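What follows is a group of structures, each given as structure tokens.
Heads up, the next two complexes both have chain A, just with different partners, chain B and then chain C.
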Partner chain A sequence: MTATALETGRKRLWAGESGESVSRNLILAGVLVALLVIGAITQPQLYGDSAWVWSNVLSILQLASVVGVVTVGMTFVIIGGGIDLSVGAIVALAGVWSTTLATQSFGAGGMIFTAIVVGIAVGLVNGFLISYGKLVPFIATLAMLVAARGLAASISGKQTQISSSDLINGIASTKLLGIPILVYILAAVAVAGWVLLNRTTFGRRTVAVGGNPEAARLAGINVKRHTMLLYALSGLCCGIAAIMLTAQATSAQAAMANLYELDAIAAAIIGGTLLSGGRGTIVGSVLGVLIFATITNLFAINGLSTEAQNMVKGGIIVAAVLVQQFRFQSVTRLFNRKP
Partner chain B sequence: MASINRRGLLFGGAAVGAGALLTACTSNEAAPTAAQTKAVDAAAGGNAAPGEKVVIGFSAPAADHGWLAAITTNAKAQAATFSDVEFKSVESGSDAAAQRAALSTLLAQKPNVIVLLPHDGKELNSFGLEAMTAGVQVVNLDRAFPDRRAYRTQVLGDNYGMGVAAANYVIEQMKAKGVAAPVIGEIAGMDELELTQTRSKGFSDTLTAAGFTVANRRAARFTVDSGQQEASQLLQALPKIDALWNHDDDQGIGVLAALNQANRKEMIMVGGAGSKQAIEAIQADDSPLKATVTYSPSMASSAISLARLIGQGKGLGDLVELQVPKEIVLSSETITKDNAADYLKFGF
Partner chain C sequence: MRTAIDEPDERPVLRLTDVVKTFPGVKALDGVQLEVRAGEVHCLLGQNGAGKSTLIKVLAGVHRPDSGTVEWQGEPVAFGGPQAATKAGIATIYQELDLVGDLSVAENVFLGHEPRRFGFVRRGTMVARTREILKSLGHEEIPPRRMVHALPAAGKQVVSMARALSHEARLLIMDEPSAVLAHDEVENLFHIIRRLTARGIAVIYISHRMEEIREIGDRVTVLKDGRTTAANLPADTPTTELVSRMTGRSIEYVFPPRTATAGTDDLLTVTNLSRAGEFRDVSLSVRPGEIVGIAGLVGSGRSELLETIYGARRPDAGTVELDGRRLRPGDVGSAVRAGMGMAPEERKSQALLLGEPIHRNMTLATFTGLARFGFTSARRERAESERIAESLELRPRDVSRPVRTLSGGNQQKVVVGRWLLGGTRLLLLDEPTRGVDVGARAELYRVIRDLAAEGVGVLLVSSEVPEVLGLADRVLVMREGRMVREASATEIDEDTVLDLVMAGSLMEGAPA
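Up next is the complex of A and B:
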């Protein structure tokens, strides 16, 4: 019976992947194109120069790269039925820890190792508190948000730590075949995330755990361990993002990656990830991040204020959730009959 | 016992090893930047001679960036240069309410003078009144109290003046280069703060008077990564820039990184605040950063010196008046390659 439950769950996931979520992602891609068209209409003289258009596309991709990597991890956590409010703080902590003078003395390899291990370790602590300490994810990661920033501030002595590693800084300033390395990293993380979610048992377990943890447990999934791993995965993404952000800013400080948790959650939500878990796509999340980056770019090239930009972003989040709710209600009415 | 398998042991061992390695990596033993203090010049007939003992209480918000950290360091160091000053510093937490609580315990210890940098001048105005009523003199640092009875003396920076100084430097450089209609960009700090608005107003007022305008303005958040992001977008908006003013040197590290990443070196850039890093870059003259306008945390050192004089009932040596003035607004000075050496000791 449990096998059948999983089997139907899987079928529904695949049906969703080929049907509903693809159409949703096409809509998002359409929004993205529309934003670019608005840019072209409002700034025809800039968009008339093809070299500028290419550099602008790369600039949007670079702007999206760091938050994009964080969002991939966040998408897994949310699909798995959780939430990670500590991602910005983890990025800051991993960034600061990997740029202390002691770490920098080990060179770029040491810095990357440190950022990734710190990210995973903090994620594991989050996961442990949530799985085995039975803390609500919201509370556990909120506590981690405060604590990790505190630790970052105490390690850095509230100073900005300059990265003197040319190799690290080069991640943000080097291009391969005309495309910045940061964009390759985002692409690699997104592809890895897509494969992990759609082509492995880990991914299917994530959907099962988020959709109905009790059913997943009865089906033989170790829900606690799986939940812990999801937060570790989010931490890993934060560690990678910390290296990217340090490279971009050529430095790290405790206040960096401010409010990235909101950017990542918002991108995942407008990308179609269900906040209650059990559904979501990596493609949608990445499109969500790109939409936000394009809005920032659109406001910048038109010289509009940051306040207006934030209000528009807020409006888009609300609109996306409203649309999602209506669609979801109609879907649940069909599938979700209570016993 | 059975639950400890080989894989668990391996992972556990690796985790402990990595942990041990990483805890060693938190050390950050850099030479601290020297505090900006000034001993009183006895030869100038100043107030050098130790007078009656003054107990100075000090409170500033928990530092989240270099400038605020330098404020506390400077106050402490300046107090240490006086043999007749006893310095009592309290931790002030992260918001106005926490600072208020800390200040109450400080007030209970009856210091002669309290020097404080309030979280918010309006919110802590009532404390100023309370202390002054209790007979403790209050020296407000940087964030003005609206009520003039709430303080004995205020030492303030000049946010509007920063904008004016930055604009004047830009105007002078553009005229020297013969650029008639320059494209001017601005990277502001946190836009929701009044001080950011004041800085921007000083900048645009002065530019307007010279017939120039700001072509595009982006607000960052005083952090390096936000400086980089906003600058990268400003560069997209303006394919050619003649002059760029960035409000804060700390976020300026990010702005310079963005210029470097986009390979844009055509403009002159002016910074703000006067960090050590920025002054060194100006001196080296190998980046677009050509000047910075000061908003120096040395004001904390001056506030301690004034607090001592207030406690002893003395005035400023060079002024005619017998007492310390009610308000001192520091002027925002322009640091360029020519005078960078003089200002290096003020960098934080």
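Up next is the complex of A and C:
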């Protein structure tokens, strides 16, 4: 792409986001490409096979899809000035609840409905405790993390519940135009999230509530209600993720989606979401998830241990935050210039 | 004016010659001359953006000048950092006092240079020395072991000054110290400053308030666009001259003429509104096109009253009606939908998303109305914001710039402009010109008058009595949570209002 084409493309694609976010996202995309190049250098014989490369890209996307959906919800919560530690637990609870024998008797539709309703309901409880119970988000969702997994374990009797719905299981195994359905779901959730954040009043309220809750309140925004809705949105994403994960494993259990909260928070932070709220992008978060998935893949194809992988991931989170601080300062300086 | 203590020392302790400091793309200082003598209060005047903050930072060792010389006690110096400046005896008290709320008074005073033995802090010594310093400031009543967050604003300021003294400062720079203080507290601040200058300590005093400069200042240096436009003027230089040096124009309080078109029916009716510990039994009304000003000290309950009318606080008793319709108590949303708007006291913390662009801040209360089916319209939002920016003479005019980069006066225009977008019929203004320079002040006054002329009712709170009297059609005086007087602005004068405001307060000699 030429420079001018890139410029107009940027303007059109990310018109709702500031130039700062756009350049950060371009850097993230560059990192992603670099990781793929590293893969090609370290495993030239594998990368010589174009069919393998295609299937590897698909497996990276598939790997990213479930966490990606959770991360979109998480991004909204963090931009809105909160944090949701209970996402993994909500995924597990929604997955388990939707695969009980009773639920499965209503068929795939009943299972999907149950997962989504459970996700939203748990999110609403989180939101209610935080908005009206005035609990700190960290504490409220930490409590929910423990409680929801407990409830999931007691519903499932600590057993793995097999999904016998071909339709559900087919979500993970079916491809459309050569691309797995799971990837389409991530794309749909990400696009919906982008539109919601950048083009709707809901998104504007989210940025206002996270950026300066007092200013938002004095401008007439119902901060409490909106905060509650943000956690419900995160819960909704968890419900969708629960279906996807159940489909992948063709089963659900109380221990599923373990530590998803960390992956989702890390991806959002890498993607440039400010942990203090008020700033963040969906594009950045999705790139963050893809970077993590690509690293996992890179380690897998080189036969390296997950321990080494976790250390590298930790380093990347720190590096991302350091870069973010540096960039933020330099961009602020840029804006202070007089024309 | 200060009475001379010992024989005046004519040699300056600090002399700046042709100091220039450039940031990428902007010349913040462009030839500053400044000369400060020991034991004097030297006032620094200038509009927002004139370079005062940069100058302070150069003196405090935060910035290094690009060219020019800084002579300190006769020697040219170049401070490598804030600590070097502190060590040399220059202490700075910033507007946002940089105290640690969760440490005690003594720990704050000796922060970074605690008296130690074998690496352990000698707490007893530290407390004793803090007590000594506080006593020398005339504030032995402040307990050295008290947590700083438990002190009122005035107390925190004393702690900041004590910290400066703990460094044996010979020059104290104070950036708008009176902005956070009530009227009687300012008197006390001046009292402390006089104690310091009597000991030969030089003070650089920055304030927008002319009457303070008259009272405490010895000499005045005026900055404009990073340049010294007048140096070492006597503090009793006529205001008009000082203002013209600051702005190139000649104005201080310039109020546009009143347009007598207040409607007859009440727009806002407040009846017996009360909130425990804040205000009691307040009743008032505002008619369309009328500007009603509330005069009162900080702590008289005026800001709390305004916030309660707006629904940001829930009253214990009483009602608020707009156009005869009772508003839900404690619900800002319903007040805004009914046509109220408020510019709160603390712009940055209560009104603005500092990192967001101007247009998003301007449309913060109205973007829902400009949206269709929940989808925002960037085009309409920008167009509306640009229209308002134009009518308010906002600088810079480019509405996509982050609000953070604007001066105080222009930030305030954004906050007021927010309510011009949505057909607001009653505007509540809390200290609309605090921290706003003289030029922007006059523009804000014009905007407020224009709004009233269009039929908007305005309820205004200000610490500056001339502002209330000059702007309002009707004046209400509030003291200790009660309305004590209501009068037409033409029937009452500044002294009367001040007497009413102060009566019964702790000021010595005030009529009971």
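Following the convention adopted for this analysis, the second predicted complex is superposed on the first by the 310 of 339 C-alpha atoms of A that agree within 3 Å, B and C clash if a C-alpha of one lies under 4 Å from a C-alpha of the other, contacts with A are read in each partner's own complex, and residues count from 1 in each chain.
As a working rule, a residue touches a chain if its C-beta (ideal position, glycine included) is under 8 Å from a C-beta of that chain, and two chains touch if they have at least 3 such contacts.
These figures come from a predicted structure and were not determined experimentally.
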Of the two partner chains, chain B (first) and chain C (second), which one does A:Val53 touch, if any: first, second, both, or neither?
neither
If you stack the two complexes on chain A, which partner ends up touching A:Ser173: first (chain B), second (chain C), both, or neither?
first
For A:Arg279, is the partner it touches chain B (first), chain C (second), both, or none of the two (neither)?
second
Regarding the shared-chain residue A:Thr201, is it in contact with chain B (first), chain C (second), both, or neither?
second
What is the contact status of A:Val22 with respect to chain B (first) and chain C (second): first, second, both, or neither?
neither
Quick check for you: in the superposed arrangement, does A:Ile162 touch first (chain B), second (chain C), both or neither?
first
Comparing the two partners chain B and chain C, which touches a greater set of residues in chain A
B
Examine A:Leu63 and indicate which partner it touches, taking first as chain B and second as chain C; both and neither are also allowed.
first
Partner chain in contact with A:Leu135 - chain B first, chain C second, else both or neither:
neither
Pick one for A:Leu262: touches chain B only (first), chain C only (second), both, or neither.
neither
Residues on chain A in contact with chain B in one complex and with chain C in the other?
none
In their shared complex, chain A is touched by residues of chain B numbered 15, 18-19, 22, 24-30, 63-66, 68-69, 191, 215-219, 221-230, 232-237, 239, 250, 253-254, 256-257, 260-262, 277
So, in the complex, the side of chain C touching chain A is made of residues 23-26, 310, 312, 332-333, 335-337, 342, 344, 349-357, 360, 364-365, 367-368, 371, 374-376, 378, 396, 401-402, 404-405, 418
Quick one: in the complex, what on chain A touches chain B?
46, 49, 52, 55-56, 59, 62-63, 97, 100-103, 106, 110, 114, 117-118, 121, 153, 155-162, 169, 172-173, 245, 248-258, 296-297, 300-303, 305-307
Which stretch or stretches of chain A touch chain C in the complex?
15-16, 18, 199-204, 207-208, 211-212, 214-222, 278-279, 332-339
